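Take a look at these structures.
Paired with subunit B in one complex and with subunit C in the other, subunit A is shared by the two complexes that follow.
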Partner chain A sequence: MNKAFYLEPNKYFISITVFASFLVALPILSIFMNLYTSGQGLFNFFDLSTIKIYLKTTFFLLLGVGFLVLLLGVSTAWFVTMTNFPFVKFFEWSLLLPLAFPSYIVAFTYTDLLDYSGPIQTFLRSYFEWSSYNDYYFPNLRSLGGAIIMMSLVLYPYVYLLARTAFLEQSVNTLEISKNLGKSPMQSFFDVSLPFARPAIVLGLSLALMESLNDFGTVEFFAVPTLTQGIYDLWIGSGDYASGTRLASIMFIFVFILYFMERAGRAKIEIYQTVSSRLSKLPKYTLEGWKKNIVFILCLIPLFFGFLIPFIFLLYLSFTYFDYGYTSNFISAMFNTFYLSFLSAIIICIVGVMVVYSKRVIRLNKIVRFLINISSMGYAIPGAVLAVGIIIPINFFENSFDNLMQKVLGLNTGLFVSGTIFILIFGYLVRFLIIPSGQIESSLKKIPPTVDMFSRSVGYSSFTVMKKFHFPLIKGALITSFLLVFVDCVKELPITLLLRPFNFETLSTNVYLFASDEMYGHASLGALTIVLIGIIPVIIMTKLISKSRSKYEHS
Partner chain B sequence: MNILELKDVKIVNSLFFKTEDITFSVKKGESICIVGPSGCGKTTILRSIAGFVNIVDGEINYNGDLISTSTFHVPPENRRIGMVFQEPSLFPHLTIIQNIQAGLLKYDKNDIEQNKIIYDLISRMNLNNLLTKYPHEVSGGEQQRTALIRSIVSKPNLLLMDEPFSSLDFELREKLCDELKSILAFYNISSIMVTHDQNDAFAFGDRIIVLNKGRIIQNDNPYNVYHKPNTRFVADFIGSGCFIKGNIVSQDQLKTEILTFKLENQFTNLIGSNVDVLIRPDDVIHERKSKIKAVISKKVFKGAEIMYSLKLANTLEILGLFPSHLNFDIGEQIGIKLEVDHLVAFRSLDDYDERVI
Partner chain C sequence: MKFFFLIFGFLFVYSNIFANEVNVYSYRKPHLVAPLFNKFEKDTGIKVNTVFAEKGIVQRLKNEGKNSPADLIFTVDIGRLDDLKNNDLLQAVNSNALNKNIPDFLRDKDSMWFGLTSRARVIVISKKSKHTIKNYEDLADSKFKGKVCIRSAKHPYMVGLFSSLSFHLGEDQLKSYLTDLKSNLVRKPQGNDRAQVKAIYSGLCEVSVINHYYLALMLNDKVQKKWADSVNVIFPNQSTFGTHMNISGVALAKNAPNKKNAIMLMEFLSSPIGQSLYSTANNEYPVNSKIDLSDTIVTWGNFIKDQTALSKIASFRKTVIKIIDDLNINN
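Our next item is the complex of A and B:
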């Protein structure tokens, strides 16, 4: 049933929604504008060859991460879903655990672990009685390759999660037919399962690549010159806003490719899901002998390196350097993080509900629809670019307001918005709005619009309809998205770093600043806290998966 | 007394499609069916009556009150017109009985009158055993029955139904249609049902409104819509049948390739004109000794009857509906007779040209 009806709209509700979606769309639009209005000359400090290096590095970073997350994500997902081997139940959920690590934390943990002065090399030197760096070869983690491995270790769960869901949802009929035709497990993987799961895999891949494009901490530690790092260098390092903005515009090429890849994946998934309606328990292959051991080891590798090693080492560091970590600085950063993330999550969820509702109950005109669509793009845009996009219109507004006030009242208002906590929350809003709006929209889809129409025809007001009939259905989505947004705000680094008020420290900036000074001990407690909070979404996703699983297995 | 009156109502559906000149009324206790091909504006009319779509011209009166004009528009929650949709549209988080109770704006569990109606409807619709189940635990037919009860418990003066039976299988819909009709009669509720299924329309409607391209083509009782279609479009759309060519040779004679019909009325002004004569399958009768011979080219078994495609000598092909015991084989030659009680003929191929005979 389409949305070919509209209800008496509440004027206040519409104006607030329009205003909110305008605000959220503004930074994205302002970067679009900059694509065309790049004014005087080329880049101030950077010549074309530097830009080429940024582009090349970013390209190879995405290529490398893409390859590794596909390899790790798809293979583990298929083994866990389609085969039986020791501890398969344990792997089902634990393979998601690396998601708890922001890539910058896993990067600095490994840096400390594998550095010249770190425990591994110290042990090797004392064991083999090498005396200096020249006596042996040890791979350098601080390289493009290192960055690719670090990011892949914590980003493969995106592919794992979506591929696994797709494998679970594939029709038993097609699998049985493929067995009936005499295909081996390997053949049915390539001929049946993989094509069916391809849209989901593409979706997971694009999400993972968006994250690696967004990453700032890892590339900064490893001095890998990606576009994100370039923006930060220009912006903070040399205060060259114009070049930073232009670099951000260039980055949009990557953003667009990933964004459309993701959209295409989602669109296909919807088609595929309607095709396979009959779902029942999947026929699993039981592995014997050496095969089961190999699969066990293959699944253990990403878990071991993506979670267990960094987690245990982080625990060890936190206990050893507890006195360096647990300071008044840490406590205030922790407090800041909590109230900032809490406040942001509440605001973002409220705006999310409003956007979803206006789309549902009001026939919106094209401009508002366009704004809402643009405003849902924020998650695809790297934090560093987004920060640039926020500062441009805000500064423009502040300057105009300042000029006006000086003319009219003789007052100097200056920059009264930028550098406040509100700008930071606004940045989070633009980036994370899709989380609540996506979650709520999909749970509201369970109620066709005709239910609303029926309720209105009985005589319920639209507010009563929302309170009595919609709220019970979106409550779960609301809680889930609140938690997810909260955790993402805690983990978020580039936006926080670029938009925070002067001297305002959160856990993530604290960890980043200590780590970039190579004070890993100091950083460890904060990092451990972030990782522990980061486990929350892993638990949520595990629950969601097992729910959908039980749904299929009972039917 | 008219419960509902639409006068020259015009609705703009989209840039390219308008529903126009909609004028009809519904009497107390009357059941109306709106039929037409998909996309003809049926649902739009229903929604404008319920208040979900604004009209741009004309007026709608309900219970003697003006509820819609181009400028004035009573919101749906103040109209209290019952509505049932194609999909059951139940609240997924409420049980069957809670869904039914949600049909009353203020349900009071101590209200004897309310409960009497609820349980009367539940037992008429045979849902007694399902009351504590959730919508996803019951069948599609049971969901739709719940939705019907939910819209009837408040005893609205008018019930609007948008293809309520379309997702149900044939046997079920006939039964449900019957049940519904007796309930509506018992509570004296008027109703408008939108459907694209003529069987539903014939079984349910006291009156049928045929709609095409946003306009009312015919508004009459089922018998007349079938036997006296006012345009070629209605003749085509309602029931099956085919046209044979004919010529009006004198003021009371119509000559076709098969036989010559005697006209009851005088059609002096039409003498000499070519017309297309509508032959319904039930106009064709088997008669062994008839001079008109036909060859069976196709047959579709329908249980009590068989629909035959009959090829006449001059490559003309017509449909004939015979009782099932007249079982012929394909290729067999039989004798037929035409018994056309209501002669229907059109002058041109234009859909909207009015019937001449």
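Our next item is the complex of A and C:
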């Protein structure tokens, strides 16, 4: 590419971008540095058998969640896209609803619901006239199996969403041929749809697994010893950096596998999308008789357990305990949550735009490219681990800066970041930067670089190019990613819990504190609010999908 | 670039703007300590800032170093006070008021930390139970097979209790005690102290061990009163070494920026007003012996407390945690 293509590099723009991506890459680099420099002879207080427990639990957690989200996500996506059955239009969007629940909220809701003294078991006992625990068997929710089910119920929509998008984009011709050859719906699912959708499914799966690796609330609450929980305990609980770091290095194997799985999925989708034919409407199978009832029930199950039941129970709890929930603390937590998430979303989107533009229009050297790539890894690293990666370099920087200022100017600058909400915003930035940068990058790709080159060569200024050609295209992505980041900040727990300043509670920390004190009633109103806010992205995604579908129907 | 300086300037001013304040890192939940701090704020005009953390205060203080904003660390459990001291994160306080209000054995010999309240680890047993229980050792008795609930064995309150048993009974005895206790459990250790009482109320188990004030708090809670009403409270080991006690305490951070205000708050907490607020609001046993007990706990009467120095018991913690891990009590 020749030099004329690039914009005249504005030095502020470059320096701010480089600075921002350096900052975002810093915590991730600091974790790696810790891995590299931590000493030997670590297992003083912490032997191999304990590591094995963490490792085994994490492995089975990911295996279990992976299996269940694939089962729920792929099957429902295919039924909804390729077949006609009662209420199919309703299922198209409502199957995304469980996404509104952070897993720690669904976990505590079910804990209260399924508790020995909760409504379900009480009903069973009175109905069957059982008198005590020993009269019957009831599975214990606070277990690995319980955690797997809780997480799968709210994470399958990732697979559903991406599988459905892929099914919508598959080649109609191939499907018609397979239908004309007399293949059954089942056969064309395995022979045509599934191979085509595989990269999208892998992408959805990797996102769901990253979320379950990130989960802190559920595993802490259920006392399930996963790696994330173990690292948190060792680093934060007992200050055993050496062992915690050992464990972190093991966990990074999982992180990298998921990260590359996700990258590979994305790369393949891009290749496929360019060759897929988007000519006519998808041929749907119309189901009759018992088949349509079974499919209806199969689609109802994840919606029922992943959203309806916990939502109704939360609603009930919030009304019953309204006086306990609606306090001045709740109002200030809600206010904090809103302005923190709003401010964070704006900052994260601005940085996202800057990073994407730097990559597109400025000739960057290798180091900056490396920093930008590293800075996009934040979402794959569990928040609890990331928080430690943030606090160490920040405190180090603050203390060094303070020393310098004391010597030079006699000023005491103190800890000017870590005691404020800016450290929270920074934490969110590291974790969620990929949302705007990914969204904007993919929408910008629709404009070939030749457009930029041409416009520049006919004398448009770089700013005009941005305003005239780029902005209209990224506007949608910008709004979408603003909302997605906003909601993710509202739901975020581990970073908020670890880095929040004095007198500062958010909805999520309030919910966690009450729930961990067995006060579910007090927690319910905050939880309900988070879930209601969490419905926003569901609406956005529904709109996006229906937009992409109308493309076929109008052509 | 101007923008950057503006933000920087704002942060700088922001961090130095409040002068008349005291910053508290608290292991105690906000709703438990809020009444005390509100009273102090009203009396003195000094603003109390709190950040609540269940874990990680030692790490946080270490990282923050000499610029840490923390003045006071407000904590429960002797182990944590001990950790803070051993990590050189505290400074000594020489206050006549504190020395007068708090008996010797409830403060650090180097004046690094001060106990503010004490709490008994009591046994609660279902009113429907056919069995009687007198000692902590009985929890491992086979007559309670499938009838015992406990919270996570690695929670500081459990570790404290097991450390005290390790001191009184010896390490080998503790191992066999824990093995038997594990086999008596009806479910794997989970929930907090309140959850154990709830489990007894619902009939899941018959007996558990909790901090006494939780029961008192529950008796005064609309929803949880029926849970608390379903159990009897037993002060264990009255004929042997006495009931295991732990403390909540306060310590002055090594680099406290508002030292004067911090010591004022410490003295307030040990004063008759602070102590009676503590005992009436939280139903804990005040360290200042002149203070009346709350109505709820006064009905439970006097009992024999284990008088062993808490720092002695705390020294067993590491081995106890190792034993808990080895025996895999929590899983």
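Assume the second predicted complex is superposed on the first by the 512 of 555 C-alpha atoms of A that agree within 3 Å, B and C clash if a C-alpha of one lies under 4 Å from a C-alpha of the other, contacts with A are read in each partner's own complex, and residues count from 1 in each chain.
One rule holds in what follows: a residue touches a chain if its C-beta (ideal position, glycine included) is under 8 Å from a C-beta of that chain, and two chains touch if they have at least 3 such contacts.
Here the structure is a predicted model, which is why all the values come from computation and not from measurement.
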Open item on the list: Touch test for A:Met453: subunit B only (first), subunit C only (second), both, or neither?
Closed with: first
Open item on the list: Tell me the contact category for A:Phe469 with respect to subunit B and subunit C: first, second, both or neither.
Closed with: first
Task: Which partner reaches more residues of subunit A (counting touched residues only), subunit B or subunit C - done: C
Open item on the list: Taking the superposition on A as described, I'd like to know which of subunit B and subunit C A:Leu498 touches: first, second, both or neither.
Closed with: second
TODO: Have a look at where A:Ser117 lands relative to subunit B and subunit C in the superposition and call it first, second, both or neither.
DONE: second
Open item on the list: Contacts for A:Pro225 in the overlay, against subunit B (first) and subunit C (second): which applies, first, second, both or neither?
Closed with: second
- [ ] Check the residue A:Ser461 against both partner chains and state whether it touches subunit B (first), subunit C (second), both, or neither.
- [x] first
- [ ] Could you list which residues of subunit A make contact with subunit B in one structure and with subunit C in the other?
- [x] none
- [ ] Under the touch definition given earlier, write down the residues of subunit C that touch subunit A in their complex.
- [x] 1, 4, 8, 11-12, 14-16, 23, 29-30, 49-56, 58-60, 62-69, 87, 146, 152, 186-192, 194-195, 198-199, 201-205, 223, 318, 322, 325, 330-331
TODO: Give every residue of subunit A touching subunit C within the complex, in rising order.
DONE: 12, 16, 45, 50, 53, 115-117, 131-134, 140, 142-143, 222-223, 225, 232-233, 235-237, 239, 321, 329, 391-392, 395, 398-399, 402, 413-420, 422, 498, 500-505, 513, 516-519, 521
TODO: Note which residues of subunit B are touching subunit A in the complex, please.
DONE: 13, 47, 50-53, 73, 75-83, 85-87, 89-93, 102-105, 147, 150-151, 154
Task: Complex contacts: residues of subunit A adjacent to subunit B - done: 1, 4-8, 446-448, 450-451, 453-461, 469, 472-473
